[in-house]
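The structures considered in this document are given below.
You will see chain A twice below: alongside chain B first, and alongside chain C after that.
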Partner chain A sequence: MEDFLQTLEIFFNFGLPLLILMVAYFVGSTIEKRHFKNICEREDDLHGFPVVSFDTMPEDWNVSSCNMVTGSIVISLDYFKRVIAGLRGLIGGRIKTYEPLLERARREALLRMTESAREQGYDAVFNVRLETSRLANARRDGKGTAGVEMLAFGTAVKFASRFG
Partner chain B sequence: MKFVAKKPREGINVSDVHPLVEAGTLVVGLTLIFVFIALLLIFLIEIALYFVSDETEAELFADWLPEDLVAVSPADDRLYETQLLLDRLSSHWIDTPYTFRLEIDDSEVANAMALPGGLVVVTEGLLDKVESENELAFVLGHELGHFRNRDHIRALGRGIVLSLFFAVVTGNDVAGLGIKATDVTLRGFSRKQESAADEFGLSLVHAEYGHVNEAWRLFERWDSEQDSSPGIVTYLSTHPQAGNRVEDLKLLADREGWQVQGDVRALQW
Partner chain C sequence: MDLNQTNTIAISNTESIPGRKIVEFYGVVTGNTVRAKHVGRDIMAGLKNIVGGELKGYTELLQDSRKEATSRMIEQAQSMGANAVVNVRFATSSISQGAAELFAYGTAVRVA
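Take a look at the complex of A and B:
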């Protein structure tokens, strides 16, 4: 009985966090892979739709209507990424596990914005900007969830006549 | 201007390192660093112990209290009586550099700690468990034994190393760390240190009462009850049993020719 309790204690102290870490890794990387695949497909679909960061437009361009379009995504990191990033935080350097996360957020936000522009019948998006805001800190007590919001916004324009 | 749509190469913003490789490198590397630091600190503590005499230690920590101590009211009878008992016991340790102070921590788990500067902390949980003054006297004597062998400083050093480690791993602010009693108890003493503390403690009990009756009854009760309440578990995790504690104490009393029969004093509260 005592041995059993001891085993149980060891499990809860070391085994359980390790198990959660492994599950987080597998689930997290599967989701990430699928998300990247999805992003690539949608980017291919939108290929050729101009999304640019100019903030002024040449005067001779004939714009019939314009409107602001936005696309935003709120994304959280998995436990595995967080733990590894925590370790990385001790010695500094590139937080390599965060890079794909933010890359996904950026591209997804841009895609949502562009898709919204296309849906509304616009021809291009100008003056595209990206904004990030941190939602909360990850806390060890389980309260608070780490996450970032990535917001892409720009001016969608419709040309009176196609130029070129 | 002509707009030419072009797709950038995939993965420009993402490092080409597999997350598991990154994890492995970090874990192995940091473990090595920590082991090195821990060994270095333990070594430094031993050096410090060699150079800092117990008189200096007693002076440095004369008024020190751990940050996380939740002391009972100063008017508490138990505080007065236990301090008195501690004074009586320590009076038999003739050349002690310490002026022993006693604090009662408002904690339900049974535990007793030897802290720098001659501070003995017992928990309310322990006071609830003891049934006679003689039982309490042995627990206090045992802590005095840790002072005599300077185990408390070693434990403190190891505790600081460990809490530093946990603070770093959990991302807490390392600079804001104070010395806490939990640091000390985080890592108990070795079995050898325990036996030595037991021997000294029992000799103090014998010197005080002229016999060692009931000195180990608390442990006997814990053994027989197969009690696994948090109290005993905590005490044992900080003061691990070297084999059979009760048997060893009996043998010791026998070897020294100490009386095992005698009047037992009731608790004074």
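Take a look at the complex of A and C:
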């Protein structure tokens, strides 16, 4: 009986966090892979839709109407990668686990903006700007990040006549 | 997300409305909203934080807030008699633990 209780104690002290770490690692990696695949497919689908970051419109665009479009996403890192990033933070240097997170958030925000422009019948988006903001802390002690928000916005335009 | 619900006012984040000329300036118009986190959504986001990925509750919350800030800005522009808002910018600032202000500002103009 005592042996059993001891095993239980060891499990709750070390086993459970380890289990959560492992689950977070596998589920988190799967989600990330699927998200990247999804992003690539949608980017292929939007191929040929002009999205530019110029602040003035190219001169050969003959425009009939315009409106502002936005796309945003709030995204967070899984527990396993957060732990790795925390350890990396002790010695400094490049934190590789954060890079794909920000990249996929940025691409997703751009995709959402472009898709919403296309849905509303616009032909192109120009003056695209990207903004990143960190949401409030997840815990009261000021540690842990609830997520990162990525916002993409630009001016969508409708062409009066197609090129040429 | 359709920011231009009224359809009588054109908004853009460039310095002019493409293809049209600005004939009158009305000054800076702003719209803001302060939101606190939803308790239920916060718990869900906390769970989602373990495996990572998109926190849909927060995405929606911020989109709604930004929409509201923008529509307040548009209302102000309309009450001045403007028919367009140019050079629109978004800003976020956290007021206190768990609450944030989202605001949108731009220049109200009349275009012809």
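In this section, the second predicted complex is superposed on the first by the 151 of 164 C-alpha atoms of A that agree within 3 Å, B and C clash if a C-alpha of one lies under 4 Å from a C-alpha of the other, contacts with A are read in each partner's own complex, and residues count from 1 in each chain.
One rule holds for everything that comes next: a contact is a pair of C-beta atoms (placed from the backbone, for glycine too) under 8 Å apart; a residue touches a chain by one contact, two chains touch by 3 or more.
What you see is a predicted model, and the numbers here were worked out from it, not measured in a lab.
Taken together in the superposed arrangement on chain A, chain B and chain C fit without clashing. Contacts of A:6 after superposition: neither chain B nor chain C is touched.
By the touch criterion defined above, A:53 reaches neither chain B nor chain C.
Of the two partner chains placed around the shared chain by superposition, chain B is the only one that A:40 touches, whereas chain C remains out of contact.
By the touch criterion stated above, A:97 is placed in contact with chain B alone, chain C being left untouched. When the two structures are aligned on the shared chain, A:132 is found in touch with neither chain B nor chain C. Comparing chain B with chain C, more residues of chain A are touched by C. Looking at the shared chain after the overlay, A:81 reaches both chain B and chain C. Seen from the CA centre of chain A, chain B and chain C lie at an angle of 110° in the overlaid model, rounded to the nearest 10.
Once both complexes are placed on a shared chain A, the shortest Cα to Cα gap between chain B and chain C comes to 14 Å. On chain A, the patch touched by chain B and the patch touched by chain C overlap at residues 81, 140.
Those residues of chain A that touch chain B in the shared complex are 2, 5, 25, 29, 40, 43-44, 47-50, 52, 58, 80-81, 84, 86-91, 94, 96-97, 99-100, 102-103, 106, 124, 140, 164. For chain A in complex with chain C, the touching residues are 20, 23-24, 27-28, 31-32, 35, 55-57, 61-79, 81, 101, 108, 116, 120, 126-127, 129, 131, 133, 135-138, 140, 144, 146-147, 149, 151, 153-155, 157, 160.
Per the touch definition, chain B reaches chain A in the complex via residues 1-3, 5, 7, 10, 13-15, 17, 19-20, 22-23, 26-27, 29-30, 168-171, 228.
Those residues of chain C whose C-beta lies close enough to touch chain A in the complex are 1-4, 10-15, 17-19, 37, 45-46, 48-55, 58-59, 62-63, 66, 88, 90, 92, 94, 97-98, 100.
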